[in-house]
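Should a chain be cited, it is by its letter among A, B, C and D, assigned in written order, with residues numbered from 1 in that chain.
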């Protein structure tokens, strides 16, 4: 599907690791819709990933940046404006990582240094990105900034661990910064709360297969795919959605508004 | 448990059909906590029920009233003030019925006369009760009015049918009327969103056993019991909660904030 | 802005009264984006309005229908499929009216016949539309149905009166019917919660000017315009948003997530 | 008001600085209701405050503890059990501080070391308290843990700055830890979202007087007082509310459900 919806728009896309990544699909769709953009990821993620293939395919440059480093972000944003030839119209933040999850620490047995590190990567980085673009006056008016999140910010999914708290913090940043960015530059900031998706990040979570399965059966339309999430991001980057800001938007096939389905209840007949 | 929390308070309790009813338990607990009150139910429900035993046990009078009839409500409220010797301090609304459910109509095949009738009984009756007490200036300052509701007002539980829409309407009435009653008389109005409970009303819903079972396994504390709901109502009628108003309060063992439990996810392996 | 986003799509648009109407703008934008559609309104509204001009401009047919009449709706849907040459892809429900408001009845002094009439027009009509399309199997897969609503469904705006309760009921219908329509036909159903808008309907509400002013100052981006709302509807009708369903989506310049702005707080310095 | 509601219960109360503190009022009410407890605060806060007077008045011991130090917390919890003669039944967390606010940093100009420090004090400390009591098996079954929060976690109040994000994180911890504590020990965890209150902490926020004034006029019952908040905490610590867990409970005179009041709208007449 291509409608030239993003013609003339410039973006920065964080978090495209490989073909499974939502950010990867977003880059592909933005390209199809006429946008130009810079791809970025943490240096270590870039070594693991295949981002150069994506860059080639979409005619994009890649800039390595640690999203927790203000210095790296300043360099990224400045260079992006140079490369793209102007101010930025859209940003995708698709970054998340919990050290406690990686190390197998139960939520009630957190290592607080790990907690802080995960928060910095998964949530505070979003603030740092926006504080940087604001300082550099790098966003065009009516620009659109989106971060990906998950419904664990509202309801407990035990294996999601401290990522739930990180996502709550992330969504709060979207509201808080969205307020100031809206007043100052008419830039809007939202989070998209996506169905569980079989990405490299997702597949690292314990019990993820069962969880995807549960979620699929609890969603009237089924789990939303990464491709569809990319299309939704396109709509949020486009001028069709200019007055939507400071919102957490569920893109989940109806999961968030479903208490139970017939398919699920069947399993509770004794 | 008795702490004389409601000493000197006068109430009206709608909806005590039999020992399984939450309203029945509320009456028992209010009595233990020192309150006096009038019991009321629809004439037909009173014939089916055993409300006279409850009245005897709690030293209460019973007044039959159709809660959809403003005339009946005026009589009820006036007589209650006479019987109890003063204005009212608390009201429990525990009334709900869907004709579409009773007749087995699927949600996508509603009979709209039934829909309207169910709405009148389940939701508009709550407005009628408050409009009546306000007209008769029947509530004391800082009085407390509670209606029972269910989380189907926020998320779909398919067998709950049009009762979901009724409960949404009911919760909206609590906010809307709570605003005006708060400003005018400092009366507060809230809804309590209770776990599914095996009452006579509940047991009429198709698939209710599976549903209770699912809910039990999705609640970290298990389903809240009718007795505990009664205690919670006591706290809401007491002076301990005077600044809580226009709220929907979940009394559900944590269900509403739980995305999934380990017990539930186990059923979705492979 | 035109991107052929709705090329090949067929719709039904309820509620275009005159140029101020949001539905009017939606029709214009849908036309620009390549959709074909039928316009409909209540017979009385059609006499007052200028819908024929819009029909001409967009190459559309007009069919009068009372949205509370299942018979009228069946005729409307059947004829629309004939006129448009196939099943329906999108529907806009932009209908609302409170008899209590019109008659000047305070919320605590409702006439319950008026209440029921207003609910039927403003909310139950939405159910009737969908029950009709479902019965006639009139929707294409992945079709999109949107109703317009207002944040009074969540928070009290006293002059909004019983429309608040109607909108709560409407939003609940969107969830409830969205569940069933999603499972059966992958049709998605959402409500868009729009900033207060100076339409003919809006301007009838007491104190509406002050209210628009307050809302403007409480929204980081200002009140969303009717034109922008139309664009947002286009995005919801398009294939970019296929996994968004059963949601209430705020299109309000950030109002719903703003507690207070500096501009507003200034007025509270004594 | 005393009803012996907390007879036989043992608690730990964080954050009583002086008579204005909500925690101070909570201690007074808990004492009246028959509870015994330990008071604790940061060493520096204890030097500034008058906690010893409160301790004397309520027959309590005081233990200094930095709530960000797991070591201090372990000592606090162990000693509390010794002093009180058994496991703990209730905990109040009333701690919050933003270094960015203190230093006058605008939200879009955060110092991230300050951000992290404020998060540790205001939010992560809540996790540390619970992780410590869980490790030491220090809570009785059906124990109740409450943290105080503010609606800035849901809507932006610009001067509240990064405390909004901290409160979002805090509320997420309540849900996440509440899940695990509920399953393991039937301990319930909630947050109470209190009206703005003229405490020493509150009065440090820029524009707080205007803000209190705005909030008062936006609340049908007016702002909730510290005394009433203490009573509400008592209800949450009592056995009347045993199935309420993982909730954020608004104690705010109806503010959270009010879109606008007549008093506020008057200011927007031009």
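The definition used in the following text is that contacts are C-beta pairs under 8 Å (C-beta built on N, C-alpha and C of every residue); 3 or more make two chains touch, one makes a residue touch a chain.
Remember, it's a predicted structure, so these values are computed and weren't measured experimentally.
Centroid distances built from C-alpha atoms place D farthest away from chain C.
Note on interfaces C-D and A-C: more C-beta pairs are in contact across A-C. Centre-to-centre separation of chain A and chain C, using mean CA positions: 30 Å. Per-chain CA centroids place chain C at a distance of 42 Å from chain D.
Multi-chain contact residues, meaning those touching two or more other chains, occur in chain C at positions 155-156, 158, 175, 178-180, 246, 256-258, 261. Against chain B, in their complex, chain A makes its touches with residues 151-152, 154-158, 207, 209-211, 213-214, 217, 256-262, 264-270. Those residues of chain D lying in contact with chain A across their complex are 70, 107-110, 112, 115-116, 119-120, 124, 127-128, 130-131, 134-135, 153, 155-156, 158, 162, 164-165, 167-169, 171-173, 175-181, 246. Here chain C touches chain A in the complex through residues 1, 3-5, 175, 178-180, 182-183, 186, 188, 195, 220-221, 224-225, 228-229, 231-232, 234-235, 238-247, 249-254, 256-258, 261, going by the rule given at the top.
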